[in-house]
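Each structure below is given as structure tokens.
Common to both upcoming complexes is chain A, partnered first by chain B, then by chain C.
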Partner chain A sequence: MEQRSVWKKMMDVDRRVIYLIVAVVMIVPIIFPFDLPMKISKRTTEVLFNAIDSFPEQHGVFLISADLNPQDQPELFPMLVAWIRHCFYRDIKVLVMCLYPTSMGLAEQALNQVAMEFNNRAADGIGRRVVYGEDYIFLGYKPPPIVPILGLGENIYDVFPRDFYGNELKSLPMMTKKNIKSYRDMDMIGSLAANTLPITYVAYAQARYGIRVTGGVTAVSVADFYPYLDSEQLTGMLEGMKGAAEYEQLLRQQFPEENGRQLASEGMSSQSSTHIAIILMIVLGNVCYFMNRRYETRGM
Partner chain B sequence: MSMILEAFWIWIAALLTLAIFSFLWKDNVFYRTAEHLYIGVANGYSITLIYYNVVLPNMVYPIRGANQALSADGFSWGLLNPFNDHNYFIILPMMVGALYITRFIPSVSWMIRIPIGITMGYYTAIAIPASFKASIVRQLEASILTRSDFDSWSVVFYGLLIFLTTVATLIYFFFSAEHKGALKPISEIGILTVMVGFGASFGLTVMARISLAIGRFIFLFKDWLGVVS
Partner chain C sequence: MKRRFPMTIMFLFAIWGGISVFVGKTKVHDFDNLLRNKLLLIVGAFAIILGLGSLIFHHTQKIKRKARFWQYSYVTLIALAVTTFIGLGGGVRGERSLPTIFGGTVIGAHDGLVYVFTSQAEKNLFMDEPSRYADPTKAVLELPREFETDFNRFEASQLREEIHLKHTALQLKGQPIPPMISPVSNQQVAYKKEFKISLQQLYEGILVPCGSTMFAMLAFYMCSAAYRAFRMRNLHAGVLLVAAFIVMLGQIPLATAFIPGLHELRQWILDVPNLASKRGIMIGVGLGASATSFKIILGIERAWLGGGE
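The block that comes next holds the complex of A and B.
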């Protein structure tokens, strides 16, 4: 009887106790981080990293559709930062655009943050400076999604006559030197979104204009994209915070001077410990359930 | 000055984060304040951006430019050309768009069908061929194993696994015949496959939600409290 009450009590535990356990397990590794070996996903992260790494240096153009919202920031913002860093290291030109209004602040923040990192390092004699209009351009926001996605395949100047800061796009040196007019003059589109926008890019930009598309997506939506990965319609993919941390690791391996804040890697020890805690709680919950049922069926 | 401003906004963000977290204990006034503030700020921000990025360049500037051209040079047919930067043609789609407002006038509310019909027709025409090609034709192509695929045992194994589990799942959801005899074990494999799919989705969902919480905790302990280097 006493045993049954223990299982019953555990079944009826207050949900706030669970929250507290999860919070502790999450916070302790943030304050006292530990390193765990991280295996790079070959068919997602590595494929994407190699694809961007194979863009022609000084001639490559990467269009990033940064459609992340504040609620997606922990997963998608590190991906955006990592992509921009990779492009700047390899002197690949970056175009950033947004299809949702609430993405604008984060996209601009990422560009400014990485540009400042590179320019501070350049001031110390490491690496090169990056200049707005020559190395990167922030195109701003243009709705609704399908219209600019199709329009960029015809003429970028019709969709974005001016950049986010009001400069005439045709007047910016990067556009004139690289003669960027449409998808034909770009190497790949990277779609960062918590919804199915990468598939929209596959359907409208890739199927129609043939440009390669990759995605940076939240973990909850990863399963939707695997069929497109298998069919090679997506050139690699970053899956949630883990994908971003893997990309940061590849960047550190390839570019030893990389010393910027590793936004995703910071959270990985916490991620691992919380996963272990949740697995243990699921097992414990099931044991409690079956033990409780066993005692009830025996009429104890 | 910028440092003080940055610290001020970090404090605001931290207090709002704590207000949202307070819902975990129970619903309270701090949570509801933060929730309403978020919705209000997000809407205000979006409306302002849409006004400056859509309404002004696509509606106001073309008509203003056409007015200036009309007063300077008089009427020309170019002012009705939709491909000119400044034109009056834009008034026509504006009027069609404005028909959405008829939703609030019962006697003419049927007119809302006009802009809805145009929008649906446009998007359907664009979507059908694109989706058919990307999500059906290319997916079918990718599911076909060719002779070169058999060079790798893993491709063959996973190809067969996908094929068999797809068939088993379809049979599980085939309700026109009773699941007995040969259909019984196959449909059981089907339900097992569905359960594995649910488990994978649950795991990914947990991973995503934990990532969001970690992001907030890193902000609180690193950017706000500074207890982590």
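The block that comes next holds the complex of A and C.
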């Protein structure tokens, strides 16, 4: 009887105790992060990294549809930063656009942050300087999603006559030098979103205009994209914070001068410990459930 | 007529959309682009007016009736008014004319020269027609052409930081400072303490922390729910639990490093059973959506018109 009450008590534990455990497990690794051995996912991260790495240097153009919101920031923002860094290292031109108004702040922040990193390093004589309008352009936001997705396949200047800062798009050197007019002049689209926008890009941009599409998605929605990955309609993909951390690792391996903040790698220690806590709680919850049921069936 | 008119419009546009995909680069195709790039945006703009009206009506009614949690409707309405004022007046970066920006220095570049303006409105006027207003004798700084776009987009503080960094780096290395990037105008491009209210500030100060907080709270609820509700009650629940267990464990780098085959097992679950079920669902959904679309186009399905039969 005594034993049963223990299992029962454990099953009915106050939720605040669980919240406290989660808080500790989550916060401590943020304060004291630890390095984790990362195994690169060959089917997703590596495929994408190699695809971007194979763009023609100085001639490649990567269109990033940064549709991340503040709530997806921990998972998707490091992906955006890593993609921009990779492009800048390889002198690939970057176009960033948003399909939601709440994404613009983070997209601009990522571009400014990486541009500043590169320009600071260039001031120290390492690497090259990146210039707005020559190496990257922020197109801003255009609704509703289907309009710019289809419109960019026809003529980019119809969809975005001006960039986010009000400069006439045709006047920016990157657009004129590379003669960028539509998807035909780009190498790939990278769609960062917590919803199914990468699939919309596959359905409308890839199926109709033949451009390669990749995605950066939250871990919880990864399973939805596997049919597209299997059919190679998605050229690799980044799966949540782990995917972003793997990409950061690949960047560090390929470009030893990379010294920017590794947001995803830093976050992995906290995410991993929380995952372990959830797994242990599922196990413990089930043990309590079975023990309690055992005592009940015995009529104790 | 009330029903026939919207149904006719919908039928014509649906057929048009279908045809334009198959006709290649013709006038039909160009007109389809015009519809998508212009008309759809105009329709969208009207939808925003409709949405705004609906939002205001809903919340004012809630306040009038003192419905449940009516106090929160005040928060929505005040937030709407404040955001609209700042958005229309201050713009995304405080670049508009209403007094939402106090202090600060407005700068802009044209033809390799940097100019300082007394207000954003003055700068806008200048940038719209620089050939008319540009006076090289009034420029405060000379810079290489390649930096011009950077100067136009950077805030005064960022600009100064950029120049300073470049300047210091060259000085430290003992290299000569090219006159083109020399911050000769440190006093002239005086950066005053700036107080600016813009949509960007609302975004960074309110939306980002609120959004992140709401999402972060999910972790606590998920843990609590996993402990209380994720039970192996029968075989199906057991299979689900084991699959979830492996996929979640495979997400932990430490586990994949120490448990051989875990990474591959997780990948197999995603590649085989997950993929098979997803494909089945997607094909079913696709067929269902096509059938419903045809029913709508042919006028068989009319629920979208609203108002019951």
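The rule is short, and it goes like this: the second predicted complex is superposed on the first by the 300 of 300 C-alpha atoms of A that agree within 3 Å, B and C clash if a C-alpha of one lies under 4 Å from a C-alpha of the other, contacts with A are read in each partner's own complex, and residues count from 1 in each chain.
The working rule: a contact is a pair of C-beta atoms (placed from the backbone, for glycine too) under 8 Å apart; a residue touches a chain by one contact, two chains touch by 3 or more.
Treat the numbers as computed from the prediction; the structure is a model and nothing was measured.
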{"item": "First, second, both or neither for A:T102, with chain B first and chain C second", "value": "both"}
{"item": "Which superposed partner A:I278 touches (first chain B, second chain C, both, neither)", "value": "both"}
{"item": "Chain B versus chain C as contact partner of A:G267, first or second or both or neither", "value": "first"}
{"item": "Partner chain(s) touched by A:Q233 [first = chain B, second = chain C, both, neither]", "value": "first"}
{"item": "Which of chain B and chain C A:A203 touches, first, second, both or neither", "value": "first"}
{"item": "Partner chain in contact with A:M38 - chain B first, chain C second, else both or neither", "value": "second"}
{"item": "Chain B versus chain C as contact partner of A:Q73, first or second or both or neither", "value": "both"}
{"item": "Which superposed partner A:G125 touches (first chain B, second chain C, both, neither)", "value": "second"}
{"item": "Touching both chain B and chain C, residues of chain A", "value": "19, 22-23, 26, 71, 73-74, 102, 104, 143, 146, 150, 208, 219, 222-223, 227, 230, 240, 242, 274-275, 278"}
{"item": "For the chain A and chain C complex, residues of the former touching the latter", "value": "11, 13, 15, 18-19, 21-23, 26, 36-39, 41, 43, 69-74, 102, 104-106, 112, 119-120, 123-125, 131-134, 143-144, 146-147, 150-151, 154-155, 158-159, 164-167, 172, 208, 219, 222-224, 226-227, 230, 240, 242, 245, 268, 272, 274-279, 281-282, 284-286, 289-290"}
{"item": "In the complex with chain A, residue positions of chain C that touch it", "value": "21, 33, 36-37, 40-41, 44, 92, 127, 146-147, 149-150, 152-153, 158, 162, 165-166, 168-170, 173, 200, 203-204, 207-212, 214-215, 219-220, 222-224, 226-228, 230-232, 241, 245, 248-249, 251-254, 256-257, 263, 267, 270-271, 274-275, 278-279, 282"}
{"item": "Chain B partner contacts - residues on chain A that touch it in the complex", "value": "16, 19, 22-23, 26-27, 30-31, 71, 73-75, 101-102, 104, 140-143, 146, 150, 161, 199, 202-204, 206-208, 218-220, 222-223, 227, 230-233, 240-242, 266-267, 270-271, 274-275, 278"}
{"item": "In the complex with chain A, residue positions of chain B that touch it", "value": "24-25, 42, 45-46, 49-50, 53-54, 57, 123, 126-127, 130-131, 133-135, 138-139, 141-142, 197, 200-201, 204-218, 221-222, 227-228"}
